[in-house]
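I am attaching a structure below and will ask some questions about it afterwards.
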Amino acid sequence: MKEKLKEMKERIMPGGKTMILAYDQGFEHGPRDFLEHPEGGKFEYILDIAKKGSFTGLVLHAGLAEKYASEIADSGIPLILKLNGKSELYTEEDPFSPQLYSVEEAITLGAVAVGYTVYSGSKYEDEMHREFSKIVREAHSKGIMAIGWMYPRGKAIFDRKSASKTLKMALDEQEQTNQAIDETPSIVAYGARIGLELGADMVKVKYTGSPDSFRWVVQSAYPTKVVMSGGTMTKTDEKFLSRVKDVLAAGAAGIAVGRNIWQRQDPLSISKKLHQLIYGY
Amino acid sequence: MKEKLKEMKERIMPGGKTMILAYDQGFEHGPRDFLEHPEGGKFEYILDIAKKGSFTGLVLHAGLAEKYASEIADSGIPLILKLNGKSELYTEEDPFSPQLYSVEEAITLGAVAVGYTVYSGSKYEDEMHREFSKIVREAHSKGIMAIGWMYPRGKAIFDRKSASKTLKMALDEQEQTNQAIDETPSIVAYGARIGLELGADMVKVKYTGSPDSFRWVVQSAYPTKVVMSGGTMTKTDEKFLSRVKDVLAAGAAGIAVGRNIWQRQDPLSISKKLHQLIYGY
Amino acid sequence: MKEKLKEMKERIMPGGKTMILAYDQGFEHGPRDFLEHPEGGKFEYILDIAKKGSFTGLVLHAGLAEKYASEIADSGIPLILKLNGKSELYTEEDPFSPQLYSVEEAITLGAVAVGYTVYSGSKYEDEMHREFSKIVREAHSKGIMAIGWMYPRGKAIFDRKSASKTLKMALDEQEQTNQAIDETPSIVAYGARIGLELGADMVKVKYTGSPDSFRWVVQSAYPTKVVMSGGTMTKTDEKFLSRVKDVLAAGAAGIAVGRNIWQRQDPLSISKKLHQLIYGY
Amino acid sequence: MKEKLKEMKERIMPGGKTMILAYDQGFEHGPRDFLEHPEGGKFEYILDIAKKGSFTGLVLHAGLAEKYASEIADSGIPLILKLNGKSELYTEEDPFSPQLYSVEEAITLGAVAVGYTVYSGSKYEDEMHREFSKIVREAHSKGIMAIGWMYPRGKAIFDRKSASKTLKMALDEQEQTNQAIDETPSIVAYGARIGLELGADMVKVKYTGSPDSFRWVVQSAYPTKVVMSGGTMTKTDEKFLSRVKDVLAAGAAGIAVGRNIWQRQDPLSISKKLHQLIYGY
Amino acid sequence: MKEKLKEMKERIMPGGKTMILAYDQGFEHGPRDFLEHPEGGKFEYILDIAKKGSFTGLVLHAGLAEKYASEIADSGIPLILKLNGKSELYTEEDPFSPQLYSVEEAITLGAVAVGYTVYSGSKYEDEMHREFSKIVREAHSKGIMAIGWMYPRGKAIFDRKSASKTLKMALDEQEQTNQAIDETPSIVAYGARIGLELGADMVKVKYTGSPDSFRWVVQSAYPTKVVMSGGTMTKTDEKFLSRVKDVLAAGAAGIAVGRNIWQRQDPLSISKKLHQLIYGY
């Protein structure tokens, strides 16, 4: 299975670099993400971007992966099945995102990798650590990749009275840089490290605001690969591209991006610029 | 199994259109729904309406499906087994409706489809998303349809301080149209989308008040089919038929209706009008 | 298995009528039920009543069913294994009664039927609906009967601010008749209906105070059979016999009675009168 | 398996009488029980007492049972594996003691019986009733004995506003005799009865203060055998021996005792006196 | 399997003594533990220390154990897979550390022992006692060692109103010695004893401040082996070495140490001194 896993990694990370198109927002945010550009709500449109933009991975929930199985297979774009998800209709401070599909089902749907969001710091971190850990073990035993969306979050993280040293460091960082607490280097690096400890092949994390601080994240996860999460659409292409440059300079393997592509007027233009940054052509 | 699933879909949606008779209210509301017209409490009466009204599906819990298995089989009406349910005797703001029967048992009872209510937005959404997701996978692996009753509900949905963008949009819509929060386009479309993301073949949703807003729902679920839930009995036939016209114009595949049929004095009369609207004959 | 199930039904309901001796009170109420007549605490005494009184079923927990397996088999009285139970030592307003034995174990112990208490309206109704539903499916697949003790109960049922229509109706009924809320026709009929929807062959319910209201219960459960629960010992034989007359007139299949038999000075005398009422000889 | 079970019973209850040495206190109370007589903390010392004192059973957790498996086997003393336990470091008013080992593992370790503590009245009684019930079924299906430590306990038992009749009776008894509530005849007899209802072969209960009241306990559990729990060390041998006389007179099968043996200066002396009382030689 | 287990013990405890390098802090504390000496964050550096320092065991989570499987195998250093873990991002007073990998997976990864942290005294102690107990049984059935990190902790332990005798003793000890409550002899010895009762081959515990008190710990766990946990880095080598001397004098089998090695400027220097103390060469 090690050979198969190696082959899967090469498909998603040709030459060690990756450019993943994320399309699980219909679950996480709902149709509001498609209001401005309703084409974004149609899968045919998304698959077309993925192909023309030369993305090396496409993140989907099982519904679309199943209904468009043959189109996805024809496209040749590696499928990353997102195994968990939650709606924004329920808004508890301590998030939990349950596993919805098995690794076995992902393979049946043609996936070369599985993804799972881990909200370390939530009071449900125990369940998510456990689920992700089992997913990693099973994925590897079956020769596919496991990718962790490592997003520390929860009431405790925002608790100023907390006794934890990491949280104190994060609060200090926040004071100095004005960053959101879950984008401080201490928090992001810890999330990335948990991905490594649990065996992830790749972790998707938030940007920490500077190449130097992101280098600490990359280092903390080593040898697990690190990709930057695209996040909400930036006002200009340049602002987003500048971030990507930073994380690549810091040693990131690439990016996993959705709204910054398919919410833009010209998704292919920015896709080509990203490809140039990541692959150099 | 894809061939079998296709055949099942054709049975419930001949020509892509559907007209389903819902009869799970004995569980959800109890015998009070039969007080005005006690015949409605007898299954023989219901099955007769289904046959004479040319319904293309009948929704039941396992008790009736088992006790009248041969009568249902003889009728030729496709059975949709409702896999979960809850009573109105327990009234927590965050609803949970547990799975009561397995997909395997549904098939044993002769079902061509399974149904499941998903209360996204409830603090138990994780359990229901998980259960429904497993049901969809298993149904498809065994060649039968999976239908989601997508009803976002729960304390968080009514929480004005909620940070979620979708909820803010819904509150704005409510202010403008005076609709119930769980009938606003943003909420209904989100529910429908979750159905798609989890792999439902069909979603049953509330009416959003206008053809335009319902089109957004249909679009958000595409290519999953959308049917309108009948809801409480309207004062006149016309009021209900007008809604059906709206949703059909918006691209809905049809309706799933109970009380608006069997609580009426003349259930066959309205059934025929509905058939005319949906199938054109 | 349908043939076997039919045979089992005929054993417990010869000619469609039934007279069941309940003896699970040692678990539910503890030894206090035997204080006045300590013989009642001894199983030999109970089995003797069951035989001499010509009861058509005997309800036991697994302990006694196992320890007296050969005596019970010799007696020829059909065994109904009560699968769940709880003590009165724990007194939460929302009751939960967990399944203690499997259907398979019931069959091993010689049972021709299994019983299970469902407290619909409790915040644990989801677990009990789920357990009972599975029990019904399994019992039928193995050819034995499933009987539901349908007792809606819990904090919500006593909550005057509750939004549920059924509860409002029950509160109105209570005002008019001074009945306990869980003995109002709306509540009892709802419990009975849930038994039908889940597939029970028979439901055991509380008396609603009049033949007319009990007829509504019987009708709501149809074609599931309804038996009246005996409840606490009435002051006179007559008072109890009068209730039994009422429910038989309302279409009940019979009764399931314990304390009104074995707490009396002369259990055989009342047993014979009951037999006369139910079977006519 | 009935033959095997009978044989096991004869080993632990030769001639129907039993004298069990309990040694699970290291888990329940921790090393403080060994402070006065540190030899009590060493298993070799305990096993020596068991042998020389002619005990007919020895209660252990899996750790000691496994590490001293060959010594125990050589001793010929029947092993009773205590399947659940909890520490006194966690002090919730409603106790829960989880099952730690399976019946299968007990048999592998050479046990002829399994023990389990049931805290009826705790808000976790459902879980413990369920676990113990499964243990009894499995033990019997494999031919070994099941013994219940029946200790009603929990917040509800001390709640004066409780609606339960048993609790009211217990409070009355407490007023009259000044006993601890969980040592009143009503409470102890109820616990013993639950043991019978669930199928225990033997129940271990607290002393109720008089032979008469203990007779009620024995009667309530009949035909399940009753043994008195030794409890904390009494000041004199006589005080303890007097209790044992009482319960034997009341029909108890014997005792299960720990601290009253191995916390004493001369454990063998009292062991011999106990043997004399129980077996007459 | 007993032969295999014996062999595994001899590998980790050559001649009955052990010197284990702990490296699970990346999960428990996050990257902050590597801030001062960033090399400590790289596994290659750690493995090098383990080899050159002649450690007899290396504690890892599955991520590193898998990614460096061949390097670890080549090194010849026995792998101890830590089966549970939690982050310091979530900070509930009652800790729970969930099992993340199975014993089977540990064996697949080449482990000769499994480790698990037990927070007795936490309101989740039931789950951890249960998980650890199952792990011990399974490890032994497969011939590998089970090591318990026995760390009593939780809200109840700090509760001065607690009724538990052990806790009262611990509070007295704290008053006399000014120790942290979870480092008092009563608490540490209790944790160690639970390890024995559940069947651990070795327990890792905190230092109690003196050889005499630590002897009580060793005695309470006998015949389970006791190792001292290294804890936070002491200011000087001497301070740490002095503690090690104390516990060895008290009968400990050795130590399990992390930060006191790889957070130091010269990890090999202190490693050699430790080896000298433990093995005498």
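As written, the chain order gives the labels A, B, C, D and E, with residue 1 at the start of each chain.
Operating definition for what follows: a contact is a pair of C-beta atoms (placed from the backbone, for glycine too) under 8 Å apart; a residue touches a chain by one contact, two chains touch by 3 or more.
As the structure is a prediction and not an experimental result, all values here were calculated from the model.
Colleague: Spell out the chains that contact subunit C while also contacting subunit E.
Modeller: Both subunit C and subunit E are touched by D, going by the contact rule given at the top.
Colleague: Between subunit A and subunit D, two copies of one chain sequence, what rotation angle (nearest 5 degrees) aligns their Cα atoms?
Modeller: Result for this pair is 145 degrees.
Colleague: Just curious, how far off is subunit D from subunit B if you go by their C-alpha centres, in Å?
Modeller: That pair's centroid distance is 56 Å.
Colleague: Measure off the straight-line distance from the CA centroid of subunit A to the CA centroid of subunit E, and report it in whole Å.
Modeller: Each chain's C-alpha centroid was found; their separation is 34 Å.
Colleague: Mind pulling the residue numbers of subunit E that touch at least two other chains?
Modeller: Not one residue of subunit E touches more than one other chain, so the list is empty.
Colleague: Could you classify the connectivity of these chains, where an edge means two chains touch, as line, ring, star, complete or other?
Modeller: Graph shape, chains as nodes and touching pairs as edges: a ring.
Colleague: Could you please specify the touching residues of subunit C with respect to subunit B in the complex?
Modeller: Touching subunit B: residues 120-123, 125-127, 129-130, 133, 136-137, 140, 152, 154, 156-157, 159, 162-167, 169, 186-187, 189-190, 193-200, 216, 219-220, 222-224 of subunit C.
Colleague: Could you list, by residue number, the parts of subunit B that touch subunit C in their complex?
Modeller: 24, 26-27, 29-32, 34, 38, 41-42, 61-64, 66-67, 85-92, 96-102, 105
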